[in-house]
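Following are the structures in question.
Each of the next two complexes has chain A plus one other chain: chain B in the first, chain C in the second.
Up next, the complex of A and B:
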């Protein structure tokens, strides 16, 4: 008989996972920074030339200045906002697209709808990822959304295939049959009973897409195909390729270390989330 | 409960369920007719694959898979003609006037929603209740299937509950809109024996109290003997024998029924007879012999059995359903005066 609510259980599992907690703390810290930049409380002077070239760290310029005399701290902070913006947008869009396509495809397995979705995901997956992302970003260069479009186009396929497999597994379960047997129409059964059961997959997958999007954003920006009217760790790294030659490492480190910590935090958090949310674990 | 002459709640004539195959459409349920009266429990017995679950699902208008088809010459629920219903019409009936309990209580509840949530979903689907009314109705239903602390049970999630408790909740979900017919598909197969008995008694009490007619699908003759008023024996998609439980169990007319009864292990003092099986196995759909589908496994079979399909004897609409009927050319004969039909 019952002892506790499952939401309690998720928290208990999360609390027990120290690495996961550290990941959570790190990601929330970044989240706060991104939010305060977005609200205009910090990082607003990222493009301002506020000092001499390559000043070293001081109370005025915490991480020193770059070749142009811009404050590196301000730029590194502003990059967090860019990273989160793109990560969130790409994660939400590709999860939405992937879960809808995957659910339809899994529910209608072995019909033309399923064949179509499987064919499209297969085609998209067969193209090397960074090549494809770069090609799409290049093709839509004029648009501010080029990079986001490229990422959504490649990331939704994994979500779609995961959801498809899970829906195919779930739809033969008795609870789906009994939902039909209480008079629910199929689309409501899919929406109310099948999709909520893929929630743990969607959440973990969305978090993974979030990380992948941030990484890809940095890489594409580094290559000059990404962020255009802002600053990103990728752009900072691109600048620093010139600076490290003259032993100026501030710009490089100010981009690389925050990126490393964010990715580390996210990976720890995703692991903990997956363990805590899986409804198949710890059921009596 | 003695059979009455009152009109059946559910009357189905010549129900067929067909599936496509390489040899054309195969009838997995091949002309089943049945009648259910209020408060009655009818047992539908047969080996796995004989079509009993398909029959049960067909009564809810659910075809097996997208390519399965259900047809019948007549299908009436009270004064409602089910044969005329479209899919929308069926959805209004399902869960409210005909409902179903499934075999696996482990998987028949949605793991991500609480019990109360799922019960209220059924109620709000079929009744114009607000949240509070639905909650009250759900709690009342849980109380009537034997829960003391309903509020607590409603907050629980399926994985927190044992198999027997989950099956009670599934029965509550099926009964919450007071259906006229309940199809229970092997409701106790996944449970241990003591829990089985509780669930069976619960089903019988609910049927008697609410007047719901129950079609109990099972492979276990002991269950039929324990709670069914009437029983139908199904073989290869057809009804081979039908009658009041006692008559059918004591004086089986069809050799298949007799074989099933002989294969039933019994504990009685002084009796150490080994359990006898029926030779051979159930032919797959598509490999069924012409004539009587049991002919290949039957020691009484002759050329007539192998060529001509036996009809359910006494399958006369004017005849009361309580009569013991069988579909056999050479039925077992019992001493005169012993047959109670």
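Up next, the complex of A and C:
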């Protein structure tokens, strides 16, 4: 049973999963880097032209310089912050939106509110994402927020659908019915007894949205619909599509490898989380 | 019959929904097209005329109904950048996209099913761990990185230089293979991790069922078990997944691959329309793709009902 599973058993399972721990360590490391960039301790010279075009790696420029003579290491480090900014913003907002809509829709199942939410998720899921993103970018005239708006507007639907199903299931359980029977107002029952029991879904889903946001940023930036002014792994990779043709691989590697490791860390962590939190697996 | 009507009504509502979203984003709240069409030095009369033509002076509902009418009679207007009729543009580029994407889509699914089957059959043994590990890694690699690496390895003098880095001059089978190979490889690589993981999960679940144990006890061979019992029973799940991955894989794939390899399909057309703010083209692509997807979804629902009467 979700929520009834003693927390310490979840911890035990998590701790036993070595791949998951490695993933968690990797993600934490990136988190620290992002934090130190945000606090101004590292990666601040990402836009400074500090060398010649395409210098190779040296003690001064650890990963060399790009076409404009900017330090690639600084840019790669600063991009960690951008990735976390986008990932956190999109993950938190869409999880919040998805859990609120999903909870209302599941709690008021078979009413107009439920029909409305289900209809909207159905509509948003029927428009292919990158075309939707292009339409949003068009409507907002390449505003710096168009990418995030497009992601949040579509990524919440999965969370909403999962939460809706879970709330519908929990609604008929004895502890919820008893809480209602002793006269607790429905909104309090929902907030105190039902929503906390969807935590395992929200946690895993938020992590998955985080990963999706980072991967999507890369594609959108390549298509010119992503990060507008600044730097990100997506923009570095877009730059590098021209550079690799003349055997300049530094920019590509400096974006590709950190991106790969972060996504790998996240995927390992998510797998471990889902394993540990999955109520159906019992104590096997 | 009631089921049929309900599904059709649902499909129609969804079509209204997706067209409304695209109308709102691309037309109603979209940027003013007046100066795009007239240039900077328009007279007041010209502006008046173009506003009337674009419907800026009319009410919301009347504009939306007109929009629907134009969409379903395929009066999609002409491209802002070169004046070509949008319908001709789409008709010209659609076959290219299909020719480019289909081989990769099919191979990716078949290969994923094969690997998923192997992993599920050897569940929790070394082969399974290897396959699962490799597909987890595959899912962590960005689409763009795979495309760049494959292009450098196969299409440039730094690598093997066997295939063209850009373009699409297809006249016969050898030239088709020459241009389609690297994009196909990219698509297979990108989707393989996700596909393998999905197929493994489906097959693991089917293999765990009790009737499979009975079949095993009767001495059926692995091929018989897989072919006759597992594959057949997991067909609905597999078809749903394949269907729902079409917009994601084909649209995303064609956008990135066609832009990257300079192939003049729907993806490149949409990309160019996005960069140039070419509203007629972009809105046609968005609305038509979404409508097409809803139609396919509805047809699939109906097909399930025919195949399995228990589906409510």
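Here is the rule we use: the second predicted complex is superposed on the first by the 267 of 284 C-alpha atoms of A that agree within 3 Å, B and C clash if a C-alpha of one lies under 4 Å from a C-alpha of the other, contacts with A are read in each partner's own complex, and residues count from 1 in each chain.
Operating definition for what follows: contacts are C-beta pairs under 8 Å (C-beta built on N, C-alpha and C of every residue); 3 or more make two chains touch, one makes a residue touch a chain.
Since the structure is predicted, the reported quantities are computational estimates derived from the model, not experimental observations.
Contact with chain C, but none with chain B, is seen for A:127 once the two complexes are overlaid on the shared chain.
Counting residues of chain A touched by each partner, chain B versus chain C, the larger count belongs to C. Of the two partner chains placed by superposition, only chain C is touched by A:240; chain B is not.
Of the two partner chains, chain B is the only one that A:181 touches; chain C does not reach it. Touch criterion met: A:136 reaches chain C, while chain B stays clear of it. Look at A:196: by the touch rule set out above, it reaches chain B but stays clear of chain C. Look at A:173: by the touch rule set out above, it reaches chain B but stays clear of chain C.
The touching residues of chain B, counted against chain A in their complex, run 60, 62, 90-96, 99-100, 102-104, 107-113, 121-122, 125-126, 152, 155-157, 159-162, 165, 170, 173.
Of all the residues in chain A, the ones that touch chain B in their complex are 1-3, 5-6, 173-175, 177-185, 192-193, 196-197, 199, 279, 283-284. Per the touch definition, chain A reaches chain C in the complex via residues 119-120, 122-124, 126-132, 134-139, 141, 215, 218-219, 222-225, 234, 237-238, 240-241, 244-245, 247, 252, 256, 259-260, 263-264, 266-268, 271.
Residues of chain C that touch chain A in their complex: 13-14, 17-18, 20-22, 24-26, 29-31, 136-137, 139-145, 148, 151-152, 156, 158, 165, 247-248, 251-252, 255-256, 259-260, 270-271, 273-275, 277, 279, 282-283, 285-286, 289-290, 293-294, 297.
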